[in-house]
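Across the two complexes that follow, chain A remains constant while its partner is chain B and subsequently chain C.
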Partner chain A sequence: MSYVLNPATVEQAVQMLASHPGARPLSGGASLVAMKNARLIEPDCLVNLAGIAALRGIARQADGSLRIGGLSRHRDLAECALLAGDQAMIRQAAGVIANRVVRNMGTIGGAVGNADPAADYLPVLACAEARVELAGPGGTRHLTMPDYLLGWYETALQPGEFVAAVILPPAGPGPSVYRKLARTPGDYATVSVACARVGEGVRVAVGACGPAPLRSPVAEGALAGRLSDPAAVAAFGAALVDLSDPVDDVRGSADYRRRLIPRMVAAAIRDVTEG
Partner chain B sequence: MARKEVLSLQINGTEREVFAPGDATLLTVLRDDLSLTAAKRGCNQGVCGACTVMVDDAPVRACLTLAGACAGRAVTTLEGLGSDPVMQALQEAMIVSGAVQCGFCTSGMLVTARDLLAQTPLPDDATIRAALSGNLCRCTGYTRIVEAVHSAAQALREVTP
Partner chain C sequence: MQLDGSFVVCAPRLRVWEAIRDPALMAACVPGCQSAERITDTAYRAVVTVKFGPISATFNVVLDIENEVPPDSLTARAKGEEGSRASTVSALSTLTLSDDPAGTRVDWSTDVAIAGRLGKYGLGLMRKKIESLSAEFTAAFAARLAQTNQGAA
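Moving on, here comes the complex of A and B:
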């Protein structure tokens, strides 16, 4: 048997993962092979999803939702004109992941599967109220981002499951923005903020400040209609700081991150309210 | 390390077979089995860009690409680009600008810069710097590399108006 298995269908991939408990699904390799090179993981074999046509493509569904196949590369999303209005922030986030060459390799399925809390897709997908489509031995299931992200690098993925697609609800007019503060272009975020305008209110998700993106629909409700009121915006930022659980690491201290949250949130709200 | 197996690859237009561990990266196979050493092993983490090669029509990291996942795909290394006019212009410009010091990053810089010029024939400074931001150089301070990409772009414009 080869080390790299090349299934042609989702069913074959699920079957291969089920019959080799030490196998891992391989998408673009940008994180998985790097971890393997660093000997952080030593899979028995890899199930290469790259040849599965059903995992490719970005397409509008009959109900207006957008289905982004798990094999869609960051480059494909960064160039995707279907990501507009309150979903333009997803396109923006895809375009600031790593660099051009890595964006040719890494995929949204791989990135969402790896679920690095500082990676760029999680806050924009949480803000867009995306659902994750998981394929596995029990069939296909769809989870909201809060149900999918369980802890630090911990997701609802069960052994033998992989991220088959990301589903976005029908887009609204927006606008939307993704703000990222990083030490250098292409690094993981120190803090990131996704913000989408919804009528007189906003949806906001903060990345890299806890195991999963920070979001508070209650605070968003209180802010609605008061986007130009500095006191209301400050109270909203403070509510997100209260939800945060940042770490001290090489990209910044926890205290620094807590100070960044209200500033970056206020800037993102200005982005979607002015001009 | 995984059991050795026969891996079939299309490298620089030629079908090659190697007998290598099934989990070998493309970079390992290129350098250690095929003696194609233009792609360098720097970080082995996809960060430094020294191993950049083309797979089909896109530049990728050879260190993050498994050889066993390359079946049916066309791999092109710097060695396979010697007669490419854009590559020749870039190489000339790198020499004239003094953009090479130790040379370790140069192969990856060239492959990345060639892809940039293929898509953006006359890039501005910011575009060049963004395109090369995933290729680390510890010698030059980048200024002369950026200059070289500019002058290659100009030279190519003069031959193909």
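Moving on, here comes the complex of A and C:
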């Protein structure tokens, strides 16, 4: 048997998670409830975050950063006009997650907490240099995506912690794009690419090709100013392939994914340089 | 699923062999191993928890050493069940020890079958998980041997 607790504040939620070992934070439930129904997990206790006002809303902070509350649904992000310029890719990614029902239900806090390597948010957030805000018994801490994502489905989340918010740095003019190749619309990505224009260069993050999004600031530096040079773009793609560690699964073989990376990266760079 | 690998430990072969046959030492090095006990000289019982994303599965494992040639090689069969759940894991593993300029080289190969909840993640991801667990084991095992070497010196 399992039961549900309904905290009204972040502090209460943290306290409940700490005092009920085996409890799990429940956000939108798009993945967690599905896994529970499939009897893949049988949590004794769910701490339902839905009633915590502090986890809601998307707001510009005084320093220009954007704070996206963990309870923000995919649909909220897909329609959020504050996500523009070099962050428009986050809107795009939110809009292609699964299907309408899941987008009305699932939240960014839940998706980032679950950290599926093929999920759509991870590459766009890595590309946007977002920070994840974790609430827990030790207070609040902020981690960059590389520090947060530790391995396959493994994050820096400690027992009792949950994703309270995602913080985006002040937006640049962009443009930016999210390209996703999936077997069918709504499936997890076989390979995905997030790409944001920064002056004469780009930031690029590749999803679904390793435990965490692939990014190489060094290769980005070498590519700056040479976005229209096919050899430079090819070398950049090859550098990302070198970083990759894809799996063989139903969505494609590891080899297939390694072949897709340079093509999709080149296409994404064209998207943000042409027109 | 077939997996193999090798690692080199900075210790003489006999010492490495003794460590491999020491259930308490092995239990301390296997990631997620909560307890291990001897049933007979060639059979052991252990409780091992494997965590993968939101799924955490605890297996009661029985390990049978089917064949051993000290201090050269060993073949063991492990069978694990997850309590009342339908998840099972079984593995047939072979270890081969040989001398190496840096100490002892251990070559391992294993044939693993996993059924049940963890099967959700598919073989591709299971392979990655097992690779990362084996890297964790290797690091812990090497550290343990380095420690006891220092203790002896």
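One rule holds in what follows: the second predicted complex is superposed on the first by the 273 of 275 C-alpha atoms of A that agree within 3 Å, B and C clash if a C-alpha of one lies under 4 Å from a C-alpha of the other, contacts with A are read in each partner's own complex, and residues count from 1 in each chain.
Following the convention adopted for this analysis, contacts are C-beta pairs under 8 Å (C-beta built on N, C-alpha and C of every residue); 3 or more make two chains touch, one makes a residue touch a chain.
Given the structure is predicted, the values throughout are model-derived calculations rather than measurements.
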Identify the partner contact of A:D248: answer first if only chain B is touched, second if only chain C is, both if each is, neither if none is. second
After superposition on the shared chain, which partner residues are touched by A:R258: those of chain B (first), chain C (second), both, or neither? neither
By the touch definition at the top of the document, which applies to A:L40: first (chain B), second (chain C), both, or neither? second
Examine A:R67 and indicate which partner it touches, taking first as chain B and second as chain C; both and neither are also allowed. neither
Of the partners chain B and chain C, which touch A:P185 in the superposed model: first, second, both, neither? first
Thinking of the overlay built on chain A, is A:H20 touched by chain B (first), by chain C (second), by both, or by neither? neither
A:Y153 contacts which: chain B (first), chain C (second), both, neither? second
With the two structures laid over each other on chain A, which partner does A:R56 touch: chain B (first), chain C (second), both, or neither? neither
Taking the touch rule as given, give the residues of chain C at its contact with chain A in the complex, in rising order. 52-55, 117, 120, 122-125, 127-129, 132
Chain A partner contacts - residues on chain B that touch it in the complex: 2-3, 5, 21-23, 25, 44-46, 49, 52, 58-61, 63-66, 68-69, 71, 112, 115-116, 130-131, 133-134
Per the touch rule, the chain A residues reaching chain C in their complex are 24, 31-32, 35, 39-41, 114-116, 151-154, 211, 245, 247-250, 254
With touch defined as at the start, can you tell me which chain A residues reach chain B in the complex? 2-4, 6, 26, 29-30, 33-34, 36-38, 45-46, 48, 50, 75, 98-102, 104-105, 185-186
